[in-house]
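Each chain gets a letter, A, B, C and D, in the order it is written, and its residues are counted from 1.
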């Protein structure tokens, strides 16, 4: 931001700018804060209502789960993990885009990130919140979840730090905390803005508290930026580590189809792919609903599409590599595991996966598709499905046929599996809508820095 | 237990409590006072106050919630979940009671089980057992090592009998018509009825019993008949061995008992006989047979050879060196042809042609038998017609086997009769109203008599029917009076084993309910007073009278049988005319058209075990089918009928018709459908309800074990539940196998894929296991897949029955399973059994991934599983290459039904909902032995610890011990070149290894096949 | 724009941040305290019994050996609660009309067992075996405390896993000669663990801390 | 808002319209010898920090400290629990299976580093500070929109109300106003 070269037309003359012309610090401020300070649009009530119903479904499913046990799900021996873990990995993956956009793109000085990082971060938080639920829900005795934490106890027993699940506990909770802080720190100046804009006394008090008395003192700004950049620098390796650790859940296992060293990179790539797909899925409607075309421009959408091309290629490489390794290993169990993906009873999921993640993500090579908002929206949806299928294949298909044919068995989700899954979507969207309504979904102060008027040099010159 | 669909989860929400220990709460209320005295246990009283109980209550409210939920139950749910959430916090232990004895028995040390020798009977034949008793609760049944019929092992039925004792569905009260009545009223009614009979010398009195081998019972019946000379005593058992008795009558002039001595047999031919896993003496037969098969390094490599000719593939067939599937009528022809081929006097070659495989067999087998005169054996199954039996006798006689392998003795039944004829006579007497008073003692003819007798209708014409039985079953329903019978573990009695050994039955526990034994009732009938014990003693005095009786009696009480009471072989004269007659009759017959084969079910036998959850849930050999019987057909016949597994067919015989689900089974004979008896119980109890169809509906007096049948496809589908869908080993070298020649040529055939990874093949320094290091070796060649180990494990380790629906969802809880793989031709496959339990891997993949260290390794190399630490991530199971871990998806354990609490092994924790469990090598037994050894300050001896599966195994296939002790049996087995570990290339270092399987095929047949 | 907050808000805000952190830590410690408290463990709390049996009287005053009543302590898992018979051996002679002992006599007459309340109660999934401890030289006192000084029986120790482990990790600190096991006053010689070492060797005392030692 | 005491002066604040203007003003003020200066802007302006010579942040050192503490704590936890507190034979792995401890160590490092970054920043900025005299200036609310403010505090040795006001006026602000407590 302090050197917003990325956005100066000089470098990218032919591309649309990251913020439409004619905006001033004032107009940006008023436009964005008006979303929050203005009244609630009618459609938002409807949308929230639907999402909240989904949330209720979730609560119901969970209550049944606690009352009756994980038996209400389709899981069994050999397939001990089902939708719960699939969704866990899926949500975590989605949760990657936010921090990635805000942290890595920030460090890379990709100033176009500015207008999407805020709600991308929010999306991260809410996605990780969903993900965080599943490891607890999937326990046979969920009320003992705290045994996974290193708490001193009268049994002098401690968690087993060799278990990837414990690594998960640390990775996910760290990721949650850091993302939360990153998001909040980014919010502080905008909260101050809202504090100073809102007419509503209650709102003013609340925003006031949250803003912590931010005044935009230049000394504050300096510390603020230093720590914001440091956070970004820390979040970058974190975001990579989180899905790496999640992938350990599988790659540490001995099950054919799990025991693969390629998992970490391609889990991370997959995470980013689904993350951006989800961002696109959220950004496009919002942009419409609140007329933010000036801030979330074609350029943003196109860049996201491009990132999906790259990550799509990486996961495709992953799929190919898995097959190759299986063949090359000359290990009959590995080989069968992958033949089973292609020929086995679950083959349709594998074909679906290839279609969604490989074919669809590569469609963005075509400029026409890339620049069509509708196409982008639809394909992003497809890609999210694809990523879900990927996790389904890894978790279920691998488990359903492992070493001893005698214990092979199929997994069929029950209605409770579906309710828990659909439910979290509702939960997620409800949180998302609340955020949109009460907090600025675009970082106001960072937008200001993108304005031509915010430059001191040119004028001084 | 009966919580078949897991609808009512038992929560254990006590933060630090994985479960109720088995022994904890015998609901004293439900059991009778004398038992109560013996209980040292903490009582149920406080239970209602524990958080667990509180939540259980809510759980019950929620029970109906399996299906879509009303607003109300939603709110209830909320309540429950709140409660659950709250209970995460540490809860306080309730104050529990200690209930000591008033007068403590001398030899009893609280917490130490006592063992008593007794016997259980099926169709009157005793299987000798030792029963483990905890403070007066029988909890586990073992074989009687001294008894010749057991040698320490039992079959699956004896193992499961403990569950019959505690079956909540047992009848508990005297019933008159449909009203609860009293013993007093019943006796009064009986007195009146008998009064009338006394006048007419008992002309209208009939007594129906199972086959009686018990001298005491027979004597008592004799006493009754003395008072009522015109009364009739009818014996009937569906598996009464009528054909054998009749055959021996024809062949030897008198009904004789036949037993086999497999220890002398080099060549065995079974004709439709499951010699090794069912029928009298099967346990001993299996032991002797396998001892002649096992090969150890350095010893002379000789194996006996088994030819199995059978229509429905049996466990015996599965271990045969050669198997051929023939329809029963073909088997008859085969026998005739074989006899002719062997030049048996009077034999004639049948006109009808045999399938060419069978024809080849006749030649080869005859040659083989001829070459082993006096060291061979031909066994005809009990269900084969008399003619075939006679010919089998004749063949054995001709081969000089009578004596060495084919042993003929006095009949073990006190009064051997043609039971079905007697029953038919009884039925017609009842029809014609000649019967006024009928005593049905512990049999259930209404269910298991041939249909054409219409036994039920006939009984309706009898004014006074008295029924004595464990259950209020189909017969009891039609009797005016029903009296609950005592279980054999609750009463005195005696019976003869398959070899005539006289075995004593003693009560392990006071009758749980107001039960009576046949002897009781008959004493009443005879108007005698005194106790059953006196009766038996006096009877034994007759047998072994004279001085020193007390000594003998006390010894018998200890041993469980009168040593040396085994029947001595009789020399017999074979009647040539009988043979000729049989041969000509068979020669006339021909094999055409479809046949139905009615056989006893490997799990529920003739139906008496239909209400036994353990047996219902044990996967049957070959099919791995549970909770059901089916119309079992070969692939070819299925194709012909245009059906697949699960489709419905209608079977129609002259007896009647039934609809049945089809099961396509490789290796089943052509042109015939096997239907197992014992299912489709109308009044069998809650467990039996809804399981299978009643195949007795097809059985008539003319063709009791099957005959011509019309099979046609009908609409509909039945989900037949199996525990193993995949028969193919997928070219994975799991069951390593070779023929004897291959083995002698290449002793290392089991390691062609290269040896297991070296011990130091790891980036980490490996743990050294000093002191005891437990391990198991399993001889795959010896396993018959008889399932005794599975039931024994269920009983020893308090393993829950989960029910049909849960098994369908792959959620069975068995700690040991017997994997079954087919190899070769679909119509004539080889089958391999592989018992799989936790391998106790030294580098256990399951342990490393458990987040709470609920499973970790002991210094003795055990893969400890701590139920009370488990939070239920199921990660360990996912990461287990052998998939031997089992998870409580619901609260499967019935901790509510009081009587079931008595059944539990107090040394093993009851696992509750959400907890992983698995085989522990019977760690409770290991700990007991260790503690004893430590108390005596000595090392543990080899053989001091036997696991439940090892102890019960009739063929000694499973060996447990200390692999660090070079002299231990297990260490020796693991040194064999054939010893290998499954999936050992994963470097899991399994402590359970397998000794590769050997077959001893006849090169002649092998070449042609 | 007017001030929103009073100046006190500054301090309030800062204090409340630290307060929150402190509260969290406090809660954790409180939980730990509760789980170990004598309320949760029933340690040192006297549980009412049908008959106020005094160990101190029977042990120190009369000098009855532990094994007279707890017969199976050397041979079985349970030390054994004496059958009514045992009480009556003496109390049919002495105190035979004491109202205090009425429940005992009643039990004996009506042949219905006494119902005592369990004082030493480990969780149901813990398999403790008296015989092996006694035979390896662990004194009664080590777990049950000076019962000879307990007029009414109470639990001396928490019987929590950490307590068990304290001994299982260092048995040598607790072993005593076999003839001293039932001695209430035994005082280990201060010989720098020489005796302990000897006992551990000759009795093959092991430190067993793996799960299946107690849990099955 | 009522003030419960006699209003004293916190300082004087001048309002500017562009970043350039405030930077220039700040430079002049420094030149004029004022030291207790504060500049307020709706977004970070690096030149401004330089102009006021407060571009030295201690945050990086705090973060480094946090990272080191986190790493030690993380590995320490793993090592202590699985080697010292209750060593167990888990699947034949050694007690100190350090490779397995890396993820936890790593996450702890990042967690503590990030915490110290954020908390450190707040502490150094003296936040939370919901009450501040400047909020008494009505137009100051525009500091979070598009206006730029330069404040000379009363405690500045060179501060003298009328002179300083004159000086500020000289910087051509759009407005100069008193900041009261």
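Everything that follows uses one rule, which is that a contact is a pair of C-beta atoms (placed from the backbone, for glycine too) under 8 Å apart; a residue touches a chain by one contact, two chains touch by 3 or more.
These numbers were taken from a predicted model, which means no experiment stands behind them.
Engineer: Name the chain whose C-alpha centroid is farthest from the C-alpha centroid of chain A.
Structural biologist: Result for max centroid distance from chain A is chain B.
Engineer: If you average the Cα atoms of chain A and of chain D to get two centres, how far apart are those centres in Å?
Structural biologist: Computed value for the inter-centroid distance: 30 Å.
Engineer: Using mean CA coordinates as chain centres, what's the gap between chain C and chain D in Å?
Structural biologist: Between these chains, centre-to-centre, one finds 58 Å.
Engineer: How many angstrom between the C-alpha centroids of chain D and chain B?
Structural biologist: Once rounded, the distance between the two centres reads 80 Å.
Engineer: Touching two or more other chains, which residues of chain D qualify?
Structural biologist: In chain D, residues 86, 88-91, 93, 97, 128-131, 135, 140-141 touch at least two other chains, as defined above.
Engineer: Check each residue of chain A and list the ones that touch at least two other chains.
Structural biologist: In chain A, the residues touching two or more other chains are 155-160, 162, 166, 195-196, 208-209, 212-213.
Engineer: Among the residues of chain B, which ones contact at least 2 other chains?
Structural biologist: 16, 845, 848, 850, 853, 856-859, 869
Engineer: Chains as vertices, touching pairs as edges: which of line, ring, star, complete or other describes this one?
Structural biologist: complete
Engineer: Please output the residues of chain C touching chain D within their complex, sorted ascending.
Structural biologist: Going through chain C, the ones touching chain D are 1-10, 13-14, 17, 165, 209-210.
Engineer: Can you check the complex and tell me which residues of chain B touch chain A?
Structural biologist: 6, 9, 12-13, 15-16, 58-59, 62, 65-66, 69, 74, 77-78, 80-81, 84-85, 87-88, 724-726, 728-732, 734, 806, 809-811, 817, 819-821, 834, 836, 845, 848-853, 869-875, 877-879, 881-883, 885-891, 913-916, 982-983, 986, 988
Engineer: If we count contacts the way the header does, which residues on chain C are in touch with chain A in the complex?
Structural biologist: 1, 4-5, 10, 13, 28, 32, 35-36, 158, 160-162, 165
Engineer: Inside the complex, what are the residues of chain A that reach chain D?
Structural biologist: Counting only chain A, the residues touching chain D are 1-2, 24-26, 29-30, 150, 156-162, 166-167, 170-171, 174, 177-178, 181-182, 184-185, 189, 192-193, 195-197, 208-209, 211-227, 230-231, 234-235, 237-238, 241, 245, 248, 445-446, 448-449, 453-456, 459-460.
Engineer: If you look only at chain B, which of its residues touch chain D in the complex?
Structural biologist: 762, 764-767, 841-848, 850, 853, 856-859, 989
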